[in-house]
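One structure follows; several queries about it will come next.
Think of it as A, B, C and D in the order they're written, each chain with its own count starting at 1.
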């Protein structure tokens, strides 16, 4: 069994519809429920629910907490998935990269344009891709989404397209 | 084939998630897409997309338009389903009842606590129940939801429970 | 709360895919799991898992057991849904009608062309419709399927169309 | 845009339920329909529907056709996914490896224990994982399934577990 960590920080991927208020918001962590839809016989997935916020509201202090959590996990030498809002995912990823120059495992960041469980959502696709990416990527920090893998230093969100794109062609 | 009309006015049942704005709103009519998931070999379902608004924003003028539309359909002697936001569904139903004292067909009103296509939604259940109710109810105006049929004069929305309830036991 | 009985006898509606054998068969009762997808706040649904067989293999003895079960429930004066394979559903229904001439509640029979949980299945639709029909139909025995309600004395399965049809126009 | 080929050969992943016959069988190719559920903005996925058979019925001649098809695609230097029944997937993979010793792209084989669109199926998970694997694996032939990547020379199907396992620990 391969240990894989999933640190959840919120973002659209974990948003839910509140019937009382008629809005979509970060309420309870729901990654666990969707992980159970996947067959992971050789993967010991350990979910660490860290925070559940819209990434536009993420503060420096929140990012510091993510970094501390990752630092605490690194000695286990297990790959780490961070679920995160897409709007500031790259900012958090670059912050982690500056603080963690020498990684021995891959750290993958993913999120979604539509919440888990909503019609037409990309969330379960991104989660599935990211878990597979954890198994085969070299050490480093990446964004995985929509069948693409981006090194964190060469990716930005294109809000108009609703997807991540390379900053420059390599 | 039995003709059945479906007059859509919006409400939560038709809300969709806007990826650009991160909100749930009445965007495009989506009833058609979900009706195609049902097998209706003996039912000629004709959708009349009248408006697509939150029922808390529904004005007297909007209700007058619904009444005019229903009046225009009544000569066809076909049952009519009206999809509607739950918050003011009963108000609209009572307004129709006052204006249409002698019906020859059933008019069923339904809606949902969560939009069509959202995890755990009651929307397709209510739509399925309402279409069946159109086939067997006596003339009159009803709310159909959550496996219950309420005459319009004996129903109110219980916001805390998130469901319709009888006003008085009969 | 209204008590509703659901007597399950098998048929396609309850078939499941066996991964070990690569076939679709009546394995375990699965109605319960799908009932939990529905919101039934005023319905006390009591499932009676009687047998789980293909209705082409149903014997006189099996039908006698169904009859005995229904007879045992009738004193409770609660509507009864019988889930059943479509191939001999009408035969069983007519057998019940001969034995139970004076009913005080509706007995609805339903089934499906494709199992619960299979893409494009009609099973949850038929289950949803049937539960609603139990709430409003007059006493008698009926087949409910595909947004249609058939008195048991005027229905047959059309195998080519894959649906129930009236024997004669009324 | 990255070109990715998907050569379909049948197997459980593409099986469908026949309502007329009540069996699960390889009827029409259905990969296309499920690929449309995925967001693949940077992937030009080209489906090559080669055959649609149970892999237990696959003959030497069928394997020769798969090899010829792959050989025909290799000059395009695009990764290739082969969907295939799980029972003889490894046999076909080893056959391809013997015939194609020097690859410049990854060839991924996948399948499923339950068909696309059946409740609890692993098919869309395996398809999603495999497409991601095509983007990052080194040249070679692999089986990708259930969040695992196996070089073709170190994998066998464990029928009791219903999954692929390594032959030997590395």
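Operating definition for what follows: a residue touches a chain if its C-beta (ideal position, glycine included) is under 8 Å from a C-beta of that chain, and two chains touch if they have at least 3 such contacts.
Fair warning: this is a prediction, and the values are worked out from it, not measured in the lab.
Peer 1: Count how many hops through touching chains it takes, at the least, to reach chain D starting from chain A.
Peer 2: Counted as steps through touching chains, the separation is 1.
Peer 1: Provide the C-alpha centroid distance between chain C and chain D, rounded to the nearest whole angstrom.
Peer 2: 39
Peer 1: Chain A to chain C: how many Å between their CA centres?
Peer 2: The mean C-alpha positions of chain A and chain C differ by 45 Å.
Peer 1: Please report how many Å separate the Cα centroid of chain B from that of chain C, as a whole number.
Peer 2: Their C-alpha centroids are separated by 27 Å.
Peer 1: Could you tell me which residues belong to chain B and also touch two or more other chains?
Peer 2: In chain B, residues 113 touch at least two other chains, as defined above.
Peer 1: If you go through all the chains, which pairs of them touch?
Peer 2: Going through each pair of chains, those in contact are A-B, A-D, B-C, C-D.
Peer 1: Could you list, by residue number, the parts of chain A that touch chain D in their complex?
Peer 2: Against chain D, the touching part of chain A is residues 37-43, 113, 120, 122, 125, 128-129, 131-133, 135-137, 144, 146-149, 161, 163.
Peer 1: Note which residues of chain D are touching chain C in the complex, please.
Peer 2: Contacts found on chain D: 12, 17, 19-20, 22-24, 54, 113-120, 159, 162.
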